Amino acid sequence: MSVNEVEQKWEPKILVFACNWCTYAGADLAGLGRLQYPPNARILRVPCSGRVNPQFIIKAFQRGVDGVLVAGCHPGDCHYTTGNYFTRRRFLLMRRLMEYMGMEPERLQNRWISGSEGPKVQQVITEITEEIRALGPNRKLRDDQWNN
Amino acid sequence: MKRVGVFVCHCGTNIAGVVDCAKVAEVAKDFPGVEYSVDYKYMCSEPGQEMIKKAIKDNRLDRVVVASCSPRMHETTFRKCVEGGGLNAYFVEMANIREHCSWVHMNEKEKATEKAIDLVKMAVAKVIKNAPLQKATIPVTDRALVIGGGIAGIQAAIDIANAGHIVDIVERDPSIGGKMAQIDKTFPTLDCSACILTPKMVEASSHPNINLITYSEIEKVEGFVGNFNVTIRKKARSVNMDVCTGCGVCMEKCPSKVDSEFELAMSKRRAIYTPFPQAIPNKPVIDRVNCTYFKTGKCGICQKVCMAGAVDYSQEDKFVVTRYGAIVVATGFELFDYSVYGEYGYGKYPDVITGLQFERLVNASGPTMGKIKRPSDHKEPKNVVFIKCVGSRDVAKGKSYCSKACCMYTAKHATLVSEKIKDSNVYIFYMDVRTAGKGYDEFYNRTREQYEANYIRGRVSKIYQKGDKLIVRGEDTLISRPVEVEADLVVLATAMVAQPDAAKLAQKIGIGYDKDDLYTEAHPKLAPVETHTQGVYLAGACQGPKDIPESVAQGSAAAAKVCGLLSKSEMLTEPIVSEVDERACAGCEMCVPICPYTAIEMKTISERVHGKMLERKVASVNSGLCQGCGACTVTCRSAAINLKHFTDEQILAEVNALCL
Amino acid sequence: MHSVELSSLVEKNQVSLKEIVHESGVEAKKCYQCGKCSGGCPVAFAMDNTPREIMRFLQLSMVDEALKSHTIWLCASCQTCSERCPQEVDIAKVMESLRIIAKQKGFINEKKIDLFHELFLKSVESNGRVHELGLILGSNILGLQPLKDAGYGLPMFAKGKISPLPHRIKDNGEVKKIFDNVRKRGGKV
Amino acid sequence: MKYAYFPGCSLSSTGIEYEMSTQETAKALGMELWEIPEWNCCGASSAHLTDHLLALALPARNMAIAEEAGLDVVIPCAACYARCKAVELAVTESKEMKASIEEIIERKYEGKSKARALLDILANDIERAAIKEKVSHNLKGLKAACYYGCLLVRPQATGFDDLEDPQSMDRLLHNLGAETVDWAFKTECCGASHPTTKSEVGLKMMDRILAAAKEAGANCIVAACPLCLNNLDMRQGQAEKEYNQKYDLPVFYFTELTGLAFGVDPTKLGLNKHFVDAMGMVNQVLKADSRRGTA
């Protein structure tokens, strides 16, 4: 199919790394509350946002994901006491790296969502989906960019 | 090649109402590794689970994906299920197509179905890489340590002991009893503190399962839940406990007198002493700093007068290492040092005292035999002023928090004054009166109405000496006028603060503490006596200001947790922990400081390289301490450390699958 | 005593409240009304509202009450309140700021005090220094109490404590400029 | 030791004896005081009530001149000291403030030159021994109530001694052989300009201090601020009348007593210029001292 068709059919694909204790639980709560949000995000469960290796993020972009959200407990509330502090530091570095690589840093997002913040899950995923949609497809890193 | 079975749940219409489950099952058939795929109404139901077990056998499945609700709901269910089907419990993954899909995309059936397919795809990719994991068991030492012999610690110890476990109470002072032993009466019932405490002290000391280790401190804590190795320093008592009869002659004869800590320097004790008459154990210690013999080498009177020959100057500190299954920290509090308040005289006015000093002044066995006499001239005061929140709720000079017990004990003090001193006047300067608690507010109102205490809403701005009076200046904020009281005695309700060495102890044990050095509970609501370190529990004011009933309740709560832990000889540990690939580990030690549980230490291994035996350091994870957060995996430069069940390979496989 | 309709004040006084916060750098809401400031205030006995009440007015958006209070003029800027405040609220700074704003808005409830400072600065601007005789006489004459302190005049003079003529600094261009520059920046001189 | 010297307006008029005694004391101690040429009023007691920027700019000019000369500024007057210290801190703490102040005064001031209170230097910089060896007339017999007032200690940021119970002046006087009383009004406000503008308020404030000093058994008050001194000395009679009390408490500047102890002629220190007679007590003390000397 032609690039344009691809463009028309294009829907942003967003990968969400959610920590098991806060954000994943928050997403469950959003479900219980039947809070509707765009179906573009795919939630991947990790024990702690501190478990998210930047390598995973780069990989995701290489595999053609358009946006990545790393979400965990609020600073100070980490189930493992300090994990999300590392997340915060790595996030800032990652964004610098992305700028350096010439890719929109907004494609990588970082949020703190507690297990009681169902509505925040809805709001965050909605706004990020729109933000990424506005940015358009991730062409920079995807390794299949020369195919078709 | 793995053989994966996919089971898509309708959850009635919860999922099927939005997601085309049949289609999901159909599409899943083509995913790499999938041998079998089916959809069904209720996977968690009995027939649903049977269906899974059967499918495992019939299709020789070795991995299972259940696409249904949240794993936080049914992961354990399906782990048991596949185990029943003859697989390792960790060979199942769940795709959350309910909470994360059907329920949140109700109006986008197609998109929802697409998403469900993706989620299943990810789960399949991951489960293929799942390794068999076994819950390890670690032995649990059936012995508990209680640090601190105040009311909270005593209560915890008694409850644990009554459940049939051995308990050691380590107390820093020569006697157990803590602050409660210094208190005269208790609110709101006004029954005598000693009368209700001493029986408990006796019970603790005489209980077959309880050992008192007094005049001792915690030196070192190693190990982990079920197996703490604790080094205790037994300070040299200079008195042989086994032969001492506690007759007390030595204390009468000892020539060197020093301020009594127990009486808060309002009376003297000897250099060889028990802190108070009802002390337990009621056998003296020698305070070597003030003992003439230890200062000059002369004297030795106590030794001469001791019939039992118990006095032993040659004793030295002993260190004993004991193994405990659980630890209760009940180290209590100290009183805020109000001498930082220049406006209150920097502590230079003798007749400005603390609430605890007042307790001693009204106590029948106290320095004044229970007659309220002010320190300066031993006159009976007529006008007594109480000032609340001294050091509490004061960001500038004290603590930001409310010390909680002061409102009540100040009310209590007020009643005691008017009971003991006829035609006395009591003035209480307060900012708020906080008397939440059973019978508390009633007590406060009695204090105002029956005992006619004058409550003045305002924080005192200045106290100064004028002749033999103390002038107390503040604003009565309810009439908006500056007011002055000519007081004979001023009693400060000083804040409850953490023990000066609270932080040091916390670091030894490996538990958290806040900006005020108060110990942090695992969860402020749902885990109030637990800490983030498994097997260590909190009781009493070391966790935050508390009154007696609360401390007792928390002591019992901590005891219940300990009993739960000690009730089994072994405990299962979650196998989702980090593991080190020693071949790859470069020994850079980056992971060690990252671990919030100090679960990683370096060990030396020797290996044969080109026929030579070489030694090198590698990281090793203590699976008892590791809680499986995975922080270490990210820092490892040689990718040698990995988190079981959430390995780099598994997560990358999921990421990969998402875009196939 | 009339009752105060609080809800309407919030809207009405938003702006002036902001101005007060801006001028003083103090958030009134930090005050928890303990009254320690007022208990220690050496001038409180003469005030119509205690300093704490002034803070309360601000918390309730009762700006006019604060600006019209004599308290803000009677404050001697001794800083005792600020230094003793358990909430680290700089009350003295609030008093200063309220006075500055009150002056602009024309609420001057202590004419003599205001006059004194007015003359003081006039003297500084024109001479570069304060001419104390001029200041005392001036503030008394204009304060309509010409004979107040007159008793001190002669002995002062005898003791060489006041010179009849102001001390000027020769080139006072600079000080004038300082005043001008402050005015340029919207200063309230 | 060379310092830039900022006398401030009062010292050339109502506080003339403070000026005289400061000069004499400095001379005795070998302190070189370089009076800031063409210094201007620091605006104390008025500017900060009118405009915060003006209040910083006025003292800034003097500090700037001193900075050009590379000297720290010694200031006898407590009020002046507080204003000068305030601007020193303001420019060191905030670049923005530094910039705008420099624009206003049209000079450079980086806060390099520090504002120092004379009392601080005498009590805390100069060696105890160095003071003692200069003492030729022991001030035994003086029971002084050291009155620090507000501005030497408050706000804490600019103050150099304890807020509620400062000790510098007490220490200095002990070194001169005088006794000091422990009293609670060392830093209570005397009313500043209120006695002038609103005597019914000002007098009451002074009266409480005078009463407290008497109560504490003092036979004189020692001050470090011309405004305080004027209130407590010049208006003492007024207060006595108002509240029919009898205090007759001479009020000294600490510099006067230092000079006196160093053997400077009382009239050179302006001790004859007080409203409450000071010479009487001065002569007593000197007589007692010489008697001890001959005995």
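Letters A, B, C and D mark the chains in the order given here, with residues in each chain numbered from 1 onward.
As a convention for this text, a contact is a pair of C-beta atoms (placed from the backbone, for glycine too) under 8 Å apart; a residue touches a chain by one contact, two chains touch by 3 or more.
Here the structure is a predicted model, which is why all the values come from computation and not from measurement.
The busiest chain interface, judged by C-beta pairs in contact, is C-D.
The distance from the centre of chain A to the centre of chain D, each centre being the mean of the chain's C-alpha atoms, comes to 66 Å.
Chain C has its Cα centroid 57 Å from the Cα centroid of chain A. For the pair chain C and chain D, the distance between C-alpha centroids works out to 23 Å.
As a whole-number value, the distance joining the C-alpha centres of chain A and chain B reads 36 Å. Multi-chain contact residues, meaning those touching two or more other chains, occur in chain D at positions 163.
Each of the following residues of chain C touches two or more other chains: 45, 80. The residues of chain A never reach two or more other chains; the list is empty.
Touching chain pairs in this entry, ordered by label, are A-B, B-C, B-D, C-D.
If you check the complex, the residues on chain B that touch chain A are 70-73, 96, 98-101, 103-108, 111-112, 114-115, 118-119, 122, 512, 532, 576, 594, 596, 627-631, 633-635, 643, 646, 648, 651-652, 654-656, 658-659.
By the touch criterion given at the top, residues 343, 393-398, 431, 457-462, 473-477, 480-483 of chain B touch chain C in their complex.
Taken in their complex, chain D has these residues touching chain B: 162-165, 184-185, 215. Those residues of chain C whose C-beta lies close enough to touch chain D in the complex are 23, 42-43, 45-46, 74, 76-80, 82-83, 96, 99-100, 103, 110, 112-113, 115-117, 120-121, 123-124, 128-130, 132-133, 136, 139, 143, 148-149, 152, 155-156, 159-163, 167, 169-172, 174-175, 177-179, 181-182, 185, 187-189. Taken in their complex, chain C has these residues touching chain B: 32-41, 44-45, 49-50, 52-53, 80, 84-88.
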